[in-house]
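Take a look at these structures.
Two complexes are shown next, each including chain A; its partner changes from chain B in the first to chain C in the second.
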Partner chain A sequence: MLKYFAKRFLSLIPKILIISVIVFLALQLLPGDALSRSVPPRVYQQMTESQRDALRESLGLNDPLTVQYFRWLGNMFKGDFGYSQSTGSNIGEMLAARLPSTIELTVIALVIASVFGILFGFLASLKPNSWVDYTNTTMSIVGISVPEFFFGILFILLFSVKLGWLPSGGRMAAGHPGFWERIPYMILPAVCLAISLMATLSRYTRSAMLDVLGKDYVKTARSKGISETAVHLKHGFRNALSPVMVIMVMRLPMLVSGTVVIESVFNYPGMGSMILDAVSAGDMPVVMVTTMVIAVVTLVASCIVDLFTALLDPRIRFSS
Partner chain B sequence: MEKRNSKARSSLARRSWQRFFQNKAAVAGGVVLTLILVLCVFAPLFTPYDPAYADVSQKLMPISAAHPLGTDRLGRDLFARLLYGGRYSMFIGLAGAVGASVIGVVLGCIAGWFGRRIDRALLSISELFSVFPQMLLILLCVALMGQSVANMIWVFVLTGWSGVFRIVRSRILSLREEPFVESCVANGISGGSIMFRQLLPNTIGPVIVHTTLATAGFILAEAGLSFLGMGVPNDLPTWGNIINAAKRIDVIVNQPMQWIAPGVAISLFVLSINFLGDGLRDAFDPAQ
Partner chain C sequence: MEQQMILRVKDLQTAYYVGKRRVNAVNGVSFELKRGETLGIVGESGCGKSATAHSILQLLPKNGRIEGGKVEYFPKEGEPVCLSECKRTGRKMREMRGGEISMIFQDPLSSLNPVYTIGDQIIEMLRAHEKISKKQAAVRAAQLLDKLGIPDAEKRLRDYPHQFSGGMKQRVMIAIAMICNPSLLIADEPTTALDVTIQAQILELMQQIQQEYGTSIMLITHNMGIVAEICDSVAVMYMGRVVEYGSLKQVFTNPKHPYTVALMQSVPVLGMGKDKRLVSIEGATPDGSTVFKGCPFADRCTKAGPHCFDHPPVETEPEPGHRVSCHLYTEGGAAE
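Presenting the complex of A and B:
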């Protein structure tokens, strides 16, 4: 078990390194002075050329690329991500302000999608080809076909404008920074974000359940006289869960992609709007560093979901 | 031998088509898809307006006989924009999906046939692509390359090949062990010929289904990007660009047709592709 965990975590490292090398090389290829990206732009403009040369030497910008790469990597661990070209602010501080709100939104969406997706799929599998099943199948195809921003606009019109139940955008009202005060602001974006993953998960849960319920060990369980509920839950559901979790890990990047669109629909101040502003301003250091950070966070998150699956799956739990 | 083979195949195909036609949702999807395709491809037959022509005296007209869906805030006919916009959206989605599939097939063949180190290298590259949130990769490319129809297609091709790659690779890996390949080798048929004339045709069914569904996915992605203002330049009427105009809350409330019409068009089109694609997969590839 521990060995499995260690192996899974270690497999992250080469992927993260490859992504960081690509981003580092791309940053080197950008036009302009590399020094202007390592100090605040205002300071950079006030310096004379000889001061710049001295600073370049002391920051090690004349060192070989490999040395620079490892220093750059080390700096990021210390929270130094360089400076934005358009606003001049510290990228590390921008990330610290934006990353938690995106993670919050994504986690809530993930919980909604997995709970309801798996529940609907499970209910549909109890009576295949019944009206419950057909409704579920149709709804899930609708869920993956309708663009999430269209759901977003519809929800804003219905729940914020017409019914006035929930705010149409933003993250919190002024002066109410607590988690529970933020919940109303997160419901609509999180639900929109969750819909497509929920649809996918319900389809996969249904087919995985039907697959498992046809297996010999389920027949054995039934012939032992175990109640239907126990067969479905204990023998069916627990075994059907692991292929569903695999799909969830595979779809996690798509969920993260969705946050970019959804944050824009709801004016939610997260990583998505940060990266969009940077793309519009042509601020490449911010675009690249943000992309890298989100990719790494996504990788780590997939790994965590994977480990959860392992905990639930006795075939992995008991293998030495 | 040849004759018997083709006969057996045709009866299998007939049974698959029968299975397909029994699936009402899939047939309905096919009908709606054809309808939208015809409307968009032959757009000039269905609307007399030029989608770019702004008639300032006709701003925000309601639905009427002259303007089936009304006009937008520059006085352009919304129905015409929807039909001509469909052309761009479909073209971008289809071109992106076909291009991505071609790359996926070629790399999948290479990986499946040569195996070993090449396979491992290509597989880890494709894994890296699939763990990367695609939207970010697309935005990165847009930031580097700029916004145009051609760039949009390139971005989809570059970021979307890994699905087909994995399908083709795993098929080729398992087909390679079949006796008929051994007999080809024993008969001195060249590797390239075995690859392209014997193995590739066996992978084509799932690849076609995947390409169809990828077209739907890219149409959604294009709409999302244009909605964000990061897709195709906004003077071109794609479905996403039309809905982009409706981002403001006053438009959402006061001119619902401006966003409902393109939203429904995208949803209906993607929905029909998904129903059709699902039906085709169930009918022709029951093992999946």
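Presenting the complex of A and C:
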């Protein structure tokens, strides 16, 4: 068991390295002076050409690519990500300010999506072709097919403008930075972000449950004379959860990229709006670094979900 | 005194609904099982053997329903229970399942839940019917596994099903079925998915259980050889009907129904001459939703006359306890 976990975590390292190589090479392909990405733009403008040459030499920009790569990687580990070309601010500082809010939003959306998605799917599977099932199917189809920004606009109009229950945007009121005070600000964006994943999970949970309930071991369980609830939960749900987890892992990157749209709809200061600004300004260093960060976060998250799957299914645990 | 009855099935009818189509899986099946005896139910695939077994414990899939007839169970003490009138998931039905009647299935590979240890799965059964601590339950489970020939039983309780071989898994299934010491064991093709050498071991094990605990066994199989080996009485099924029913001796030494005869000729016997041919039954089993005007076997029967196609056969009793549904044995029946 521990061996499997260790193996799974260690396998993250080569994956992250491969992504870093891709990002590094993409950075090299960028047009313009590499030096302009290593010093703040204002400083760069004030320098003479000879000063730039000297700085290039001292920063090692004339070194072979491999040497540069490892130095760049080392800097990344130290938290030095370079500078934004459009605003001139330190990318590391930008990340520090925005990454936590996006992680917060994504995690809350993930919790909403998995709890409600799996719950609805489970309920629908207990009575297939009943009104519960049909309602769930209809809502899921709407959830999957309508884009999330539409829900965003709809929710703002309904819950903020018309009813005035929740704030329409931002992350916190001035002077109230506590987690619980931020919750009202997060409800609408998190729900919008969760809808599509929730719908997908509910569909998959329903079909996985129906699949498992038709299995022979469920018949064995029934033949033991245990209650229907125990049959459904202990033998049905527990076994249906593994395939649902797999879908969750596959959909995780979509959840993260969904933040880009949702954060700008709700004017939420996170990575999403940072990426959007950088892309529209052609600010490649920021785009690359944020890509890297999102890739790493997604990898780590899917690794954690994988571990849950292994906890659920002994066959995975022991086959390693 | 006559031997006590344990199970009586009378005119049982079970149907599956596939869309709007109704498939009659069991069409008026009747038989009895006496305490401590073994009843074999034989027939081709799709003849309603399993549907009969599942009807007894009401383990039919959601689209299956008992449409008529009666299943009565006679416990050691107390009033007989009419199983077919119990609610499918009701308390009484659940008490019967596992506690009085348990079942083992065809494919031990898929009959055990892959995510729980076999200890969990045996103990679950025990704790559903007896007030017993987990620790004591584990001790009982280990004792039983040991008795059923699983080495190192105490340790193996903590193993998962995929760590067992097919034969061992079936032993575990038998352990689950037997842990509450039920009076009746329904075995639905328990050896079909196993190697031949393992088959013999499992059958032997079942006989051993029967001798030790006095359990009655209802054995469902398509293998006439197995029936000859361990059964006391036989019901031959075809298209959801019992076409011939009697004691092992009656059915084997004096088979009446042409289908029974054909079924027996289609099984190879060790030592039979090389020149002797195995007989196959012409044609295929008809579709389950077919409604027959006459005898359902008439199409494939070598002895069928015109009468057979138009009139349903009536059950006759050529000798006491030996029942057969064939026009050959009714007055004015099939003309050769």
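Heads up, the rule we're going with is that the second predicted complex is superposed on the first by the 313 of 320 C-alpha atoms of A that agree within 3 Å, B and C clash if a C-alpha of one lies under 4 Å from a C-alpha of the other, contacts with A are read in each partner's own complex, and residues count from 1 in each chain.
The rule is simple: a residue touches a chain if its C-beta (ideal position, glycine included) is under 8 Å from a C-beta of that chain, and two chains touch if they have at least 3 such contacts.
Predicted model, so just to flag it, every value in this text is computed and none were measured.
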{"item": "Clash or fit (per the criteria above) of chain B with chain C on chain A", "value": "fit"}
{"item": "Partner chain(s) touched by A:Ile118 [first = chain B, second = chain C, both, neither]", "value": "neither"}
{"item": "Contacts of A:Asn239 with chain B and chain C, given as first, second, both or neither", "value": "second"}
{"item": "Which superposed partner A:Ala194 touches (first chain B, second chain C, both, neither)", "value": "neither"}
{"item": "Contacts of A:Met209 with chain B and chain C, given as first, second, both or neither", "value": "neither"}
{"item": "Which of chain B and chain C A:Ile108 touches, first, second, both or neither", "value": "neither"}
{"item": "If touched residues of chain A are counted for chain B and for chain C, the larger one", "value": "B"}
{"item": "Touching partner for A:Ala310 - first (chain B), second (chain C), both, neither", "value": "neither"}
{"item": "Which superposed partner A:Met254 touches (first chain B, second chain C, both, neither)", "value": "first"}
{"item": "Shortest CA-CA distance between chain B and chain C [superposed frame, angstrom]", "value": "11"}
{"item": "Overlap of the chain B and chain C footprints on chain A, listed as residue numbers", "value": "none"}
{"item": "Interface residues, chain C side, partner chain A - complex", "value": "57, 59, 61, 89, 93-99, 102-103, 105, 107, 110-115, 117, 121, 124-125, 128-129, 160, 162-163, 173, 176"}
{"item": "Interfacial residue positions of chain A with respect to chain C in the complex", "value": "214-217, 219-228, 234-235, 238-239, 312-315, 318"}
{"item": "Residues of chain B defined as touching chain A within the complex", "value": "25, 127-128, 130-137, 139-140, 142-144, 216, 220, 223-224, 227-230, 243, 246-247, 249, 252-253, 256, 259, 263, 266-267, 270-271, 273-275, 278"}
{"item": "Chain B-touching residues of chain A, taken from the complex the two chains share", "value": "15, 18-19, 138, 141-142, 144-150, 153-154, 156-157, 161, 168, 250, 253-254, 256-258, 260-261, 264-265, 275-276, 278-280, 282, 284, 287-288, 290-291, 294-295, 298-299, 302"}
